[in-house]
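Next up: the structures, one after another.
Presented sequentially are two complexes of subunit A, the first with subunit B as partner and the second with subunit C.
== the complex of A and B ==
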């Protein structure tokens, strides 16, 4: 783990590049939301501050995911390079080994703009932060992080079946960052909302929790509390993805060399 | 000339190596079309006419933006970054050709390849699920095509700039990650700049980004008048000339620096 941290400081200036880029991207997304939300007054109940809350929440879970589970983004490259073989040689659970290898301290760059946007939105919205709300927030953060990780585990595990230069993972990076957690799901047609809720549960990362915190209605009128639901969906989806990863691992054939 | 065409051909072939690598980027384009058109439907449900542009026009804007975007995907910046990191750029210098021109042809290969792979599926998807992206006025098409080609060249020069910057500042890592969000917002490929507040538009008037995506797209949906379109294309050409001269000077500098570094 110490090695993983140190290797990040190998190119200290590269860090600087990320320090410029990631906030640029995060605040850029917020600017787009601002520009779009000035075009409508109250449709679907999203105000700009509500959208900022939603958006900030999404980035915070992304940051947590990147800090703890960044390894899953590189599964395909490790398979193609044959590096994955090395991991299988350790006398430990390969998945555990895989995760521990890349504890990613640099994720703080990802999470900081998220925390800033989220705090700003909370201040503007005058939410009541009692004990229940804080517990709910923790549940949502854990759930959202697990959902994100599960998605990338499945995306990576596809590389065990077919050779790919990380295409599925790259797809998911953009899909999550720009298409589904940057805009609330209720802008989409009904059919797509069904897919994004029940098949790939991205709605639970930030759309439904944000709606819960703001007391808004959701499309499917899910009866359980949405924040609690996020945690449950997160755990279930993570276990499912883990199962798929293990299943993929059995199919794994080394690229040789 | 043949050697450049050979480079182009190699690029085309190497991109078709893995099937998943073809399918998923295509899928992402579909997702983008859905996202953009859904947002515009949502926004226009309240306000049927924003800045003199209707919903069908805006949907056409989104579809054509995706098509132009899949066409103009260049790799010069990433390539330079990897070659720099792995040191293979030294071998490039041994090759008996003008390096910048060979990079340009690599990317023309990429563009031909993108066009073959993505254009028809994306267009079909848009026609079936959204609408037929017809231009406001058919006579505008030649100007639109010219504008797209200039847009492609302008985007390539911007990529080259960031690529050369990567060569000079190796330690900064992959500077492309800074270019992408800049383009995403300032080029109007997603939200056109006329939606943005005044100060933002004033800044963007003086930068080349606006003349990449927004110019051909505005011409296509008829947001710009005929004279406005001609003027915009003229400004595109001016920017290309300016950037070409700058890149030439920059490249001469970079070449010297690199040779000195190599001892």
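== the complex of A and C ==
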């Protein structure tokens, strides 16, 4: 982990670029929501501050995901280059080694605007932060991070079976993980909502938890508490993805040398 | 009791054959032509503790695949593997904690940070006790002069220095078996010599079992009493280096310097292979011709100024093997 941090500081210019552009991107998204909500007064029952809460939560989980699990973005690249050879030679859990090797300090750049937006929304919304709410928030953050990671893991692990290039899968997955969490799910048609809830559970990253905190209704009238749901779905989805990753690793082909 | 045992190993790779050009690329998408390559085709061998073997063969013969199966990276299609009595695919973590692996073409060091930092990392990953770690580092310093390199970022090391770093990082945890996949590739003579010396020493001092793959026959000649030759996924030779060389390249060559050559010289079981103005080369097999008798017969017909007998070397033997394959 320390090694990853030190590697990062070897390239200060690159770091500077990220520091400038990632927050710009995040705040840009917020600005878009502001424009939309002032133009249309409200969309799908969301106020601007509700949207900011929702959007901030999405960025914070994204930030946690890229801090702790950035490695999964490179799975197929590493497969194509035979990099798993090295990981498989360590006497440790290969997934753990895989994750720990690219611990990503740059994730702090992703997460900071998210925290700012989220805190701003919380202040404006006057939410009651009792113990239950805090526990719920922790559950939601863990669950959301695991769901995001699971999506990238599954997409990446396809590389064990077929030769794929990162650019293609990451574009698809980024579209899924980023764009579908930039607007609340309930503005989409019903069919898409079904897919993004039950097949690829991105709805649980921020739409449903935000609805729970806001006391709003959800499309599917899910009976369990939505924040708790996020944690459970997150764990289940992550375990599923992990199983797929391990299965893929058994099919690892390495490269010629 | 063998420390490594491989029985009837098979491994297949499916390769998509691509045709040239845009048309070929399109065809490759819709109707890919798949070819099955038998990377390993019934490979069996075993090793005793403390042995050094040279695993050689042309590119794509299956050397690296064999190593990757023995180290648990790849799953064999069929067959059995035992490394220190354990199956490296099922007990991967246990096996890899007791082996060291160096892939000459791939680095296991961290590119951007100082070499010593990578060593520290391995110390933690393998949970090496301080005493053992320091003793090993000390030994490595005496063999490979590693302390001078420890504060340099890996990307600034020369290839030879980096290879020394790679090797040290593979033996810090005192492995029982060391897999060296082309450790001397691209190195200059001095660096090669250092690495060979290291291999010999660690084999003698720590009784480390060593599997070495290489294209450098000098490595094999200096280090490996036993040779396993693999080609097209099959083991085609396994035995003592001398015996293999002798069997595959039994011909010795007698070179004669003389004032006047005799072009039509014949002797039973011998062959004139070349004849120049004042030099003759005659090949003979030491099984049925004695060099002294041949020389005696020659000196009766020409005046010998100088002579030398060239023993077959490993290059001839290997050429013979690869040619057949």
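Worth pointing out:
Heads up, the rule we're going with is that the second predicted complex is superposed on the first by the 247 of 257 C-alpha atoms of A that agree within 3 Å, B and C clash if a C-alpha of one lies under 4 Å from a C-alpha of the other, contacts with A are read in each partner's own complex, and residues count from 1 in each chain.
Following the convention adopted for this analysis, a contact is a pair of C-beta atoms (placed from the backbone, for glycine too) under 8 Å apart; a residue touches a chain by one contact, two chains touch by 3 or more.
What you see is a predicted model, and the numbers here were worked out from it, not measured in a lab.
Once chain A of one complex is fitted onto chain A of the other, the partner contacts of A:250 are limited to subunit C, with no touch recorded for subunit B. In the superposition on chain A, A:86 contacts subunit C only, with no contact to subunit B.
Between subunit B and subunit C, it is B that contacts the larger number of residues in subunit A.
When the two complexes are overlaid on their common chain A, residue A:239 makes contact with neither subunit B nor subunit C. Of the two partner chains, neither subunit B nor subunit C is touched by A:123. In the superposition on chain A, A:31 contacts subunit B only, with no contact to subunit C. In the superposed model, A:188 lies in contact with subunit B only, and not with subunit C. By the document's definition of touching, of the two partners only subunit B reaches A:17; subunit C does not. Those residues of subunit A that touch subunit B in the complex are listed here as 11-14, 16-18, 20-21, 24-25, 28, 31-32, 35-36, 39-41, 43-44, 158, 162-165, 167-168, 170-171, 174-175, 178-179, 183, 187-189, 192.
Within the complex formed with subunit A, the residues of subunit B that make contact are 18-21, 23-25, 27-28, 31-32, 34-35, 38-39, 41-43, 45-47, 50, 169, 171-175, 177-178, 180-182, 184-185, 190-191, 195-197.
Only residues 13, 60, 64, 68, 71-75, 92-94, 96-97, 101, 103, 105-106, 108, 110-113, 117-118, 121, 125-126, 153, 181-182 of subunit C touch subunit A when the two sit together in their complex. Interface residues of subunit A facing subunit C in the complex, by the touch rule stated above, are 2-3, 6-7, 10, 82, 84-86, 88-93, 250-254, 256-257.
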